[in-house]
Amino acid sequence: MLAVHESEDFEQLNVLRSSRRQMIGIEDLSLVFPSADGDVHALSHINLSIKQGDFVSFIGPSGCGKTTLLRVIADLEKQTEGNILVDGTSPEDARLNRLYGYVFQAPALLPWRSIYDNCALPMEISGRSGPHQAEQIDKYLKMVGLQDFHNKYPWQLSGGMQQRASIARALCIEPELLLMDEPFGALDEITRDHMNMELLQIWQQTQKTVVFVTHSIAEAVLLSTHIVVMSPRPGRIAKIIQSPLPRVKTLALRDDERFHALAGEIRDALAQDHAID
Amino acid sequence: MLAVHESEDFEQLNVLRSSRRQMIGIEDLSLVFPSADGDVHALSHINLSIKQGDFVSFIGPSGCGKTTLLRVIADLEKQTEGNILVDGTSPEDARLNRLYGYVFQAPALLPWRSIYDNCALPMEISGRSGPHQAEQIDKYLKMVGLQDFHNKYPWQLSGGMQQRASIARALCIEPELLLMDEPFGALDEITRDHMNMELLQIWQQTQKTVVFVTHSIAEAVLLSTHIVVMSPRPGRIAKIIQSPLPRVKTLALRDDERFHALAGEIRDALAQDHAID
Amino acid sequence: MSSTISTKPWFALLSFIIGIVVIWYLAALLMNGKQLINTLERKKQDWTYTQVASQAYQIPRPMLPAPHQVAAQLNKSVFQVAIDSKRSLIYHTGITLQSTLLGFVLGAILGILIAVGIVHNRTLESSLMPWVIASQTIPILAIAPIIVVVLGALNMTGVFPKAVISMYLSFFPVTIAMVKGLRSSDVMHMELMRTYNATQTQLFWKLRWFSAQPYLFSSLKVAIAAALVGAVVAELPTGAQGGLGSRLLSGSYYGQTEQIWAALLMAALLGSVLVFVVGLAERVILSQRGNANA
Amino acid sequence: MRKSMLNMLAFLVFSLQFLLAFNLTDGSYLQSPSYLFLLVAALISAIRLMTEMTAYVDAKPNAGSGLKAVVPSIFAMMLVMLWQSLVLGFAVSPVLLPSIKSIVISFVNNLPLLWADFQQTYLKAVLAGYVLGCSSGFIVAQLASKSLFLRNGLLPLGNFMSAIPIVGIAPIMVMWFGFDWQSKAAVIVVMTFFPMFINTLAGLQSVDHLHQDLLHTYGASSNQRFVKCQFFYALPFVFNALKLNSTLALIGAIVAEFFGTPIVGMGFRISTEVGRMNMDMVWATILVAALAGSLSYGLLALLEKRLLFWHPSVR
Amino acid sequence: SQPLTLQLKWVTQAQFAGYYVALDKGYYEEAGIDLTIKPGGPDIAPAQVLAGGGADVIVDWLPSALAIREKGLPMVNIAQIYAKSGLMLTCLKSSGIKTPQDFAGHTLGVWFSGNEYPFLSWMSKLGYDTTGGDGVTVLKQGFNVDPLFQGQADCISTMTYNEYGQVLDGGMSDDELVLFKYEDEGVATLEDGLYVLEDALADPAKVELYAKFLKASIKGWEWAAENPQAAGELILEYDDTGAQTEAHQVRMMSEIAKLLGGSPEGIGYLQPEAFERTVSVLLDSEGTPVITQKPEGAYSHLVFDKMNAL
């Protein structure tokens, strides 16, 4: 049944998105971490195509390779086998062209820079720190609710605030492609809801492509156009689900029938070959 | 309306639990962190009574003082004003009597001890490492799904596994009172569900008192007899909600009407005076 | 990663050693050549560059003996004489080693004790710490003779005074690192121990001691090198009673440059071996406790 | 109430013995050992005063540096008292150990001489050698952090070289660079290079993986990586080396002067006056060295605190 | 047998051959003395060891002994082994120095650590400022003769029996050098003598012990002076650093033999005239005289007389 479903999905996708260009194309990609006590097959025979404008979520149990796959896309890790194209080029070229912004699982702010200066860092490095740099930073810090914390240092902020700062930092450069690794893990539900809506809005307005890792089924359902369910040992794609929900979303959707149906489908896919380890 | 609701709550509680002894009694407790740029009012005029056998969850936005309140109960922090009694004594005496087990927000395992030895640590220290120590540890490591990892070191485990080990460590000494600070934050949903059910089972079987901090509304609803909603700046109790759900729970409860109603109530309480910052 | 030859540690080391030897020969040629030219001019003799080049590696008191001269001297004093002979460099290395090891052990113990005191007692911390630092600004060679004389007056002679000077140099890095290490315990772990109501002793043996170990070992590596320097220094004021230090000195009195260099290389070799041994102990002990970085 | 009375008493006993120490007649303790009781009482008093002061200062979270210096000062006065009392009381020969009083007197009387020595040794040799040694260590470490080849070659050699005792290097440097301060600076360069090299390298390599990845995603050049990130990670390590080197450099210069100098300099003074049995002058010079060393250490620590305001060890 | 410790002024070398010969030949043993010889070195101030109780008898030079005595350490010369001074200034002919009057503007290497007193007296007698200016530039010479070879000094201090030989071994010949012996310049001071603490002399038993020690030592010196070759070889046996060469030690011994004798009383007798001459050299220096007043009781013939009475 899974196989049927999968192929169905793919067909659908192809029809739907044929007009948009492919942003990420992954073909039969595998990645093995060599290690003293046996190799770790972090990714095994991954096939995935993401079109420009998609919002794709990766979901799956801890250790199934979500982060690793995102890192391959960002040229932070090299596959052992298979091919990957990012915006038609190699991940390395995409990185050097500063195509994407990456939000790490942890905030990764530089402790010797104020929040403002942390956001300015990517612009400084790409030499884009022109006159409207300040505007840009102001705008996104405000969006994440940190307008009053420009001059604070990261260690003066709570964990959740730090994570929001790091999101603002990635948004500031307005990249074509947003890669986000559990960006909202450290936030409480209300803040999380708020951030979810802000992210949706940016995505809807700018037609960016977003690749998003999450542990939360609800979040995946709420945000994504496509949900990639992964399973571990070896890390592989168990199922790709296209969301039947409209692109324009509100929090009220959470009470929608389709929302619950989709969440149930994901939960079932996850429960399959999940065992506590 | 809130005031009415609160007083109603308190009455209800008193009626319900009159037969059980008070485990934690907090009266008009405040805590201020002095700091160079203005004092931080982490807790302000907290009143709370927790009876033996209760399962109480603290929920609230980041920085509202959940951890701080738990730390006051554990004698890791001293209040600036007000009174607190833990099992009829001061928090310090309770700590000296090894009354409680504490699960930190992070696993806090000692990297130079194997998982088994980490669990043995509290027993070693209290001099209770008798013959059935091994049995006890085996039992709880099995419960959290780590039966095959006795001899591994913490850094050989994934984050979620570490967190589970730290829970097993706190359970091993079977304390009267369990203080848990977002114990399941690092787990994926499936594992989290499993851990929730295990915790519920222990609590139902042993009639322990549990004080539990969480960010997840669903988790709070599923587990608790009482939910304490907190709000920030200054950190205070916004609402105390008694759960109408039965003490014996299953995951199926999540589709129950009352479940959704309760979740909605909590969400509303949270949304009140919540502002992103 | 392709493991080409140039990423191999031995290859880099070998290249460096070869490079150094080449530079050494060139420097010897320049320095000794200049000296040779001076001598010849003073004697009002004619000279040519080829003549200078051919004699530069043979002059009697070279400013810089060539590698092969030092090697010959090393070979002579290590392999060509009985080990227990006073002309054997091994014999002198043994003497220095004795006071180094004794001084190192004393210094490590003293360093740990001071650190434990400082960490557990606020009064000790605020009173002692500045003076521990000040103690190291006192030039040891200046007070070494006084130490030797005073200890001599107290009837302590032989290795002990030398070991005391070694100890003086080696306790410092251990103290500094141990204070840092004993304090480096994770706050969360400290609080965990607090929830268990652990005593100070339990806290020390179950937590602090372990978090201090990595600091301890890296400081022991510094300390054993310092102890060696101390042992060598201490051999100057204890009289020419053997040891690498007195070899250095007597080589210096009698203008035997090769002997100085041989003793120097030997001291450096001894130091490297000692540091290596401590590093080995570190790896064994830290791996026993399952250290991720071991 | 009783506590403050006890503190008063301790203060009195300590002050009394402190004053007495400077007015003892030679050999008092040998003639009447009972005086020793007062000395012991004064020691106990000093310890009590320090304990009380520590508690007092700790209770004040934002105590000024003046208040913080009280306890070490009492400790210093205790040492001074002990030294002075024992030397006078047991009539120790001034050829072995001079009294504190005579050290201070010869310090004051010989200020111009000591200043000249300080200039020669500290302001010329130490500063030049320190700056050269530390900066070259830093630069080479930066190169080595980029090249596995350099690292593989330099690290074992660095260990080897740092095990060479200075007493061996000093005569050679005097032979090569002459008698003046240049040869002392050369000794200091050799002594300070490797601690700085090894520390900086460790610092440059201590960059958090996450931050490394972050800059990688920005496509930062290796210079940008250094300026924006690595440099800050290296700073705490660099300061460790700077502090360690500040004491090493002074010792190195003084020891090197034992092996030949013009007739000025702290090392020259010490070795010459030892030969002349002017131990008070020797200790006066040692005092200068300790002052200079502690002061530069303190200044570096202060600078570190300023620059590393963001580092967990400081904030 | 009674224990006795002798602290030397310098490392084990033929300079101290007499004591080693006496030790080796059992002369001390015969006299009922169990002698320990502590070698010295540049960092060892024998007077300090004496004051600290680390030695009973020390070998020192009279100028530094007198200076230290003025500092308050009551040490007394009980025997003067060397009758003549072996100290000299060795200059390069190429530097243009022919007489002491030519020193001005040149760089002179001098040993400090208590060995500088005769030099300072000499310079002040010649009217040179030693602290720079238009006088001479003084270097604190290290342990060896390298400054001469490396052109860092025009003149260096040498001992006739030791460093001078090294200069020759180093490839310089007599005709490249100009020598100024302190003896010839009239600034000679007494060198190696034996010193003890004053109060020890109040104890007749100690005096007797020292007398026996002196007798055995002198016997050793006489043997050494007659057998320079054997004495040189013997020194090598006792040298713990294993650094000396036979040729150098034998030559040193023959040079030292020239400094020993001379007086009719034999080795060990301190000639009062020689003492006075040293004192006047030291007092002579203007500016910073080494000693400020004529020393009293700085030497004693008590032990020497006792020895003759044994």
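As written, the chains take the letters A, B, C, D and E, and residue 1 is the first residue of each chain.
The rule is short, and it goes like this: contacts are C-beta pairs under 8 Å (C-beta built on N, C-alpha and C of every residue); 3 or more make two chains touch, one makes a residue touch a chain.
Owing to the predicted nature of the structure, the values given are computational and were not obtained by experimental measurement.
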item	value
Given chain D and chain E, the chains that contact each of them	C
Remotest chain, chain B as reference, centres from CA atoms	E
Chain centre separation in whole Å, for chain D relative to chain A (CA means)	53
Inter-chain centre distance, chain C versus chain D - centres from mean C-alpha coordinates, in Å	20
Mean-CA-position distance for chain C and chain B (Å)	55
Where chain E touches two or more other chains at once, by residue number	42-43, 45, 48, 51-52, 142-143, 146, 150
Of all residues in chain B, the ones touching two or more other chains	none
Sequence positions of chain C contacting 2 or more other chains	63, 141, 145-146, 149-150, 153, 236, 249, 252
Which chain pairs touch, all of them	A-B, A-D, B-C, C-D, C-E, D-E
List of chain C residues in touch with chain B within their complex	186, 188-189, 191-198, 202, 206-207, 210, 289-292
Interface residues, chain E side, partner chain D - complex	42-43, 45, 47-48, 51-52, 64, 67-68, 71-73, 112-116, 130-131, 137-143, 146-147, 150, 152
Residue ranges of chain D in contact with chain C within the complex	47, 50-51, 54-55, 57-58, 68, 71-72, 74-76, 79, 96-97, 148-154, 156-157, 159-169, 171-172, 175-176, 247, 250-251, 254-255, 258, 266-267, 270-271, 274, 282, 285-286, 289-290, 292-294, 297
Chain D contact footprint on chain C (complex, rising order)	6-9, 11-13, 15-17, 20, 31, 63-64, 122-123, 125-131, 133-134, 136-143, 145-146, 149-150, 153, 225, 228-229, 232-233, 236, 244-245, 248-249, 252, 260, 263-264, 267-272, 274-275
Complex contacts: residues of chain A adjacent to chain D	71, 74-76, 95-98, 100-102, 104, 106, 108, 110-112, 121-122, 124-126, 153, 155
